[in-house]
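You will see two complexes here that share chain A, one where it goes with chain B and one where it goes with chain C.
Coming up: the complex of A and B.
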């Protein structure tokens, strides 16, 4: 976790628009956590941010809420013809992490351990892959909805898109991925865009987009320490996602 | 040992699951599938059994698998049995398994890692939702494709590949330590057993088809369609010691012998099937001639020649006997399959 000033330092001799924008960000956000730039950054950022939220809030309600959604994804994959053995390990590992972040159990882990696990490829990559499966299942179950977006990105069928751009590790995520994951799990995600675009009106503002799930049961804002909603905020710079911490 | 089977290791867990799935899954689907699909499934079925025995009993390293595939139908590889090895990376399933063929085949170099792109577009797009099964099915599908100069690929002529396909049935490839060879031989036996059974079934099927409707004048294409079939049958007869086997008794007390015998019956019956439907003498000889030269040229077996020259009614009698015996064997096989077969396969594990 680094203060936003480190972000400013990165662009010291860069575009003035970006520096202006970072100043604006600095007013709203306290810190940034950098994620490995290996093409999995969106999923990895989401993983850490989500698990960290549950840990900080001890949000058992959220754990209970998300589990049926996970099961729905599992069923979807089965319906789509995936062999159980090809995805069950990833599902199991995610559910295990979900249990671990709730305190007071034998398996409970500290925040420090969560950071370690998120860097441990044999755990982190499995959770990333779990999200990739969930995303792929959601896209394929709602082909008609996603088709126009996918056609706008690449000239492939929905199924090919999932095979080539969602399921393989290291494939970068786009708004299609984010929408699908957010919808599938019912978790809202805010993405803040840091790019060179500027408004004509003169004043510098930072665009953000909230991905709000279509499905009914949103996480309850029960956790007092969470002022912001959505509770997951990611910073997008072209080609990369990091985690932002609101003030 | 405990290290290697560490269930905490996600790769090991996944591999054991794949082994388990392959062991438990196929037999039910197997019998209910249409004949066209049997080709691939038969391979996988046997392969599962071979693997399971190997994986659990002798291979100390579950990251290394042995497999055998049948050449895809309607290609120059048809009838061939190709052995190979799979190496699973420690990062499996995040990294793809690597494949290596051990049987000379004319499409892939042996003992060389095959560059296998499962998705046609991006070879590097291996994904964890695939399994060894997926990859193996893809490998079969890849055999008849154009190599386009890919690394480790061979572009042999069709005839050369066909010769290699015939040769591949002679036995498993020889390599490695005696223990490993023993394992491979054992594995190969079950492969050949199942593969031969499949060929036999499909030939019965085709023979029945050729007999059923009274076709007045078989066209030239029909006759040439019959070629690869009888050729293949002869190739099977040409295995180590067919002469020593009496053609009369059919109850296979030893499976290996049983296969050879069955093929022999069909080799006899099959050309007859062509001739039954053709009334005109000139037509018969036209059908016979290329067939004779073909078989003698490719498979060095003197018997087809004498057989073709036999009088017609002898052929009829032979065909009738052959058919009757074949039906009996078929029924017997079905019976054995429903009772003994399961036990036979589960023995090893």
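Coming up: the complex of A and C.
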């Protein structure tokens, strides 16, 4: 984790618009956590941010809330004709991590261990793959909804898109992936955009977009008093996602 | 020693035994679950009909997050198969995903036999012949099929 000033340092001699925007970010956000830039950064950022939230809030309610959604994804994959053996390990490993971040159990882990696991490819990559499966299942179960977005991105069928751009490791995520994962798990995600775009109305502002799941059972974000407020905030710079920490 | 890769390979093997797709077979070598021998039979009613093509699949502990190295042991003549037997197939390289198990890998290679991908030639002579002289191409394939019976 680094203070937000490290972001400003990166752009010291860069575009004035970006520096202005970082100043705005600095008012709202305390820190940034950088994620490996290997094409899995959205999923890996989401993984860490989500598990860290449950750990910090000891949010057992969220663990209980998400589990039926995970089972729904499992059933969806079976319905879509995926063989259990191809995805069950990834599901098991994610559910295991979910248990570990709740304290007071034999399997409980520390925050330090969570950081270590998120860097350990044998764990981290499995969780990333779990999210890729969940995302792919959600897109394919709601083909009519996602089709127009996918046609806007590539010239492929929904099924092809999942095979080429969702399921393989290292394939970058777009708003289609984020929408699908947020909907499937019922977890709201805020994405803050740091790019050169500017509005002429004077005064620099930083755009963000909240991905709000369509499902009714939203998490209560128990650390904050605001209901349905995204507890996952990611910073998007063209081609990459990192984690932001609000003040 | 049981690692996630080995456990997964045991399940791949079980599935291949219980529900084998038509025209393929495969099994780990004795005492080494990470190295498999496989056979792909040439699809019926194609020039490949009757061929029995041997392959090896070498897995690492990164499986199923990384694909195995798959290689034909039998001599091949095909636009997407290199002289050393290695295969140019998207799912074995950048389009790999853990959704593919051994059965799916072998099935994909089997369909590649009759459906070469002209845009990524690994054997330029075969690729050229496939697009320019199908008759001669088919004759060369028949030769390979016959050789597959006698090679050890």
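A few notes on this one:
In this text, the second predicted complex is superposed on the first by the 242 of 247 C-alpha atoms of A that agree within 3 Å, B and C clash if a C-alpha of one lies under 4 Å from a C-alpha of the other, contacts with A are read in each partner's own complex, and residues count from 1 in each chain.
One rule holds for everything that comes next: contacts are C-beta pairs under 8 Å (C-beta built on N, C-alpha and C of every residue); 3 or more make two chains touch, one makes a residue touch a chain.
Please read these numbers as outputs of a predicted model, since none were measured by experiment.
Once both complexes are superposed on chain A, the partners chain B and chain C clash.
When the shared chain is aligned, chain B and chain C each come close enough to touch A:82. By the touch criterion defined above, A:167 reaches both chain B and chain C. Touch criterion met: A:125 reaches chain B and chain C at once. In the superposed model, A:90 makes contact with both chain B and chain C. In the three-chain superposition, chain C clashes with chain B only at 22-30, the remaining stretches of 22-30, 256-264 or 328-336 being clear.
Shared contact residues of chain A with chain B and chain C: 82-83, 85-87, 89-90, 122, 125-126, 129, 133, 163-164, 167-169.
Those residues of chain A that touch chain B in the complex are listed here as 82-90, 93, 122, 125-126, 129, 133, 136, 163-164, 167-169. Interface residues of chain B, counted against chain A in their complex, comprise 10, 13-14, 17-18, 21, 93-94, 119, 121-122, 125-131, 133. Within the complex formed with chain C, the chain A residues making contact are 82-83, 85-87, 89-90, 121-122, 125-126, 129, 132-133, 163-164, 167-170. Interface of chain C with chain A (complex): residues 4, 7-8, 11-12, 15, 64-65, 94-101.
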